[in-house]
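Dumping the structure here so I can ask a few things about it.
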């Protein structure tokens, strides 16, 4: 391999545990691969399948979902809801030509800086090995109107 | 077959009585044990000193051979009676998982000589099998002569519980004590049951190595033990066969019998002493103890 | 180790191998040498430490300081009986016994072990026997080691050997496996 | 529905991008000028600027000035984590008369400059994140923070010195305080101690007056032998359910004469007293210790004859007479409290020394824990303050082993902070009371406090032996005549470099501090999180050490991490002040990240109704749509994710906003 493939990754992290962990990695000055772009939501339960598909469609080679440890959800059990969705979605992904390994759900507690680093590094390496995502049939998504709206504003 | 059996080099020499008594006891309990075909040395401690990777490969060959015997089952249980073999095989398994590069090389090396390897063997110590699979109830029901009145110091040695505590408490193991209780013996409470016997140092630097064994025996005797029960050929050798040398070096005669725990089980089961290798002991079990075993037997209805 | 009255007790930085600690840390067992807090629990629990020239704790300190020659030439590593008491008690989970193995290997590689000290010789004899036959025979092995290091001891041990033979507990037969070549191929392929 | 038209009156949005250097924290890695240049090329960006410290006064002034000058309608600040300065910049926006929610914070410090090795990579990552935010902010809506009235009153959970001190501070300020303690008496661990280091004040002398004040204080209600079982609501408006366990003595009727205890059919105390860690004895009806607050006895049904057999002459009932204070039929009672704030001060547990059999605890009778020795030394303890071994003899020599269950990856990794000092204190007291030779076995002496090092020095002068080394084992294995029938401590004296065996009569294990065994359940109850090791997690280790991530819930004392008494009291005072700052407000503003449901798109499928963890959504039978009861919504967004038609949305995390952010983070990234 002459030039290493550098994947584009989206990390959608919950505000209370995994985003806090990501902050803590920073305050601890722990380095990790720069490929991931982190999006904050209040709870992993907010993350719907379409959001994940949207990320793939928009060019992500991998999507990492971060939630609180089982039993630790700030909103009682949003993380379980995320788990159910991700499990289901992983079964559907091959239909779109997306390897299920490109989607990963991890529980990362607020103080788990090292865990966070390992997760990001591991996921980056894994997707690097998988190579770029080539979408055969881009998944049709609910908010087509939004897609159009976004591009309209941006290109205006 | 219930279990595979990995004898280890010692079983052909010094540890022969351990193998004899182990087989006799398992036979008596109707548990079948088949010897692993064409097994090789586990590597022991010495091999590790020279080349860790080769030591792991050496042990792993046995593991691969064992998997061949799995008969399509998910895994296979292999009994390793010698502590050094028991640890050597488990350590190889751990190293293979803990050091992926090493694991890759070993797996590839094994495959190149036609041995497929999935790291799926469960290495079991006889104590583990006796206590956790067979159970004290079945053992007690096989007892013909309770070892009533015999005070046993259970000596576990190092490598059964360290560094990996796979079936007993690391700090204060109890399996052998419970087993001895199940066959009617009284056990001595002593803090040295996992202290090192000196291992191979008794041969190489006897002045220091033998002192470790001497300390153990002295304390066991002080606490009233009639006999020390061991679970490893090297421990048994160090504690028993070197008592003469200890007397010369430290000026104290101990004359404390040191046996394999399986030999005591066999006696309790009423098995013929030759089948248990009792005649191979340097320090014979005192006649009064043996006779008490027999006497006690008459009073016990099984 | 008894110090001579006027023996020099100073270490110059130039005598040290500053990379030694890192090299050991890269070997299995050495991973956590830099976590050591010098509490001495290893040396307290070690049944052999009272005979060692440097306690295991000091060996770790020496590794980190880069005192390669002193560490590799010490008797400490060869007096380790591999009882793992230190590894279990270490509050930093340093695998001290494995660390000793790592040092033994380095010492053998560099020929730095104490000469005429029987333990490294035993290790080498053992290694060669197993490499060749796949099994060992205790009697033959011990005899060869004593021949190499201290033939007088062999004579002193003769009566013990005789008793073992008489009780059917020692055989001078050469033990070996069937697939010796297979084993040798395997061992050549690893390392 | 959102969309930028809603808040820009049809004019194209004008975004201001402000990028912070944070000294060298960001600028040392990210090429800020390059990022500024890049931001200028983004659609709708009217101005992009950089500054050394954007959160400083000049930085804030610059943003306000530019908002006016460039007529900005959207604001974007790229700096540190939103958890640190989101509020700061929202205020800036507000002051420059932009709705504060038309602002988006970009975290290019914690998520970029501090975690990226390569400067170029960091710069590119910062650009992508700014582009994502610049897209997202287009879809922001004007929002008003939710405002709620703040209820008066505070629940303090845990009646140790932390809870006591916090309760007193707040009560003195006029706040209504409910102090909930699960044991029969308040006082916590401090009530068990004999003296306190380094001043050697008697713990009882300084604690019991405070306990009495708590009992008498008109603003404090003590709920002893009680546990919090449920917490609901949110900052300023908590509902707390407390279960009062039956003590079978009616608190309101009891006058504290203790005649019932005298009259018990058991003439002598014969059951192990929990407060004395089993070293002393009590009757089935008892007070845990003489200074207990409330001074109300309780009956232990496990040992009481009446409970066990139903056939007891009931001396206690007769003794109580007309006061009629004994009630064998008492049941759990649930008390509901409505308060504005909560302080969690649940304290610590000590390490269970029997987990380390090589130290002989539970094997050899003369191996004690430090806490047990506190009871032996305490004048109101089981031996009246005389240190006697279990065989009734005075020890001639004592070994104190430090770091038992601390600084050890096999047990607890942390330094428990108090053990060195309490070991020194015990060493001093043992020497003073018994004249014994005292050996301290330590790894490092940690005495970083006011007067602490001086205390260590005093101990050195007093002739206490200090041996540096972690003890390897305690056993009854004698090798020399003087070791016979004693406990032998084996240790490498690391300063001498030699293994030593020291025979002693008594071993004291300086056990470390651990989170309470039920810490995990407590975090779930209060919706707070744990740091490593299960200590409760503060909002920020430096700047918000007594707050939690749950607004309105504060921490005090050792439940947050090992702490000595001075630190605990200081933290309790701080927590009290924070709560007062909250409850003294009449109105509290809450982040408006609640859900909303657009009736036009709602099909009435009711998926959201079942999913909402707070039952904040109900189904309107008439309109056939789901309706949100906003005050109950805590803003998780589960409904928004589940809604098949996009009718349920979450403010600040609307579909468009997240889609735009994701797209911006990815599209065109090289």
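In order of appearance the chains are A, B, C and D, and numbering begins at 1 in each one.
What we mean here is this: a contact is a pair of C-beta atoms (placed from the backbone, for glycine too) under 8 Å apart; a residue touches a chain by one contact, two chains touch by 3 or more.
Because the structure is predicted, anything quoted here is derived from the model rather than measured.
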item: Chain pair showing more contacts of the two, A-D and C-D; value: A-D
item: Chain centre separation in whole Å, for chain D relative to chain C (CA means); value: 49
item: Interchain centroid distance [CA atoms averaged], chain A/chain D, Å; value: 31
item: Computed distance of Cα centres, chain C from chain B, in Å; value: 23
item: Contacts with 2+ other chains: residues of chain D; value: 358, 473
item: Per-residue overlap in chain B, given as positions that touch at least 2 other chains; value: 171
item: Interchain pairs in contact, sorted by label; value: A-D, B-C, B-D, C-D
item: Chain D - residues contacting chain A, complex; value: 3-4, 12, 43-44, 81-83, 107, 109-112, 114-118, 121-122, 124-125, 128-129, 132, 135, 138, 520, 523-524, 527, 529-532, 537, 549-550, 593, 611, 613, 634-638, 640-642, 646, 650, 653, 655-656, 658-663, 665-667, 669
item: Of all residues in chain C, those that touch chain B in their complex; value: 27-28, 47-48, 51, 79, 81-85, 87-88, 95, 97, 101-102, 104-105, 108, 118-120, 122-124, 126-127, 130-131, 134-139, 142, 145, 160, 163-164, 167-171, 175, 177-179, 182-183, 185-187, 189-191
item: Interfacial residue positions of chain D with respect to chain C in the complex; value: 358, 403, 407-410, 443-444, 468-473, 490-494, 497, 499
item: Chain C residues within the chain D interface of the complex; value: 37-45, 49-50, 55, 57-58, 89, 91-93
item: Contacting residues of chain A [partner chain D, same complex]; value: 8, 10, 16-17, 20, 22-23, 25-27, 29-32, 34, 37-43, 45-48, 51, 54-55, 58-60, 68, 71-72, 74-78, 81, 85, 109-112, 142-143, 146-147, 149-150, 153-156
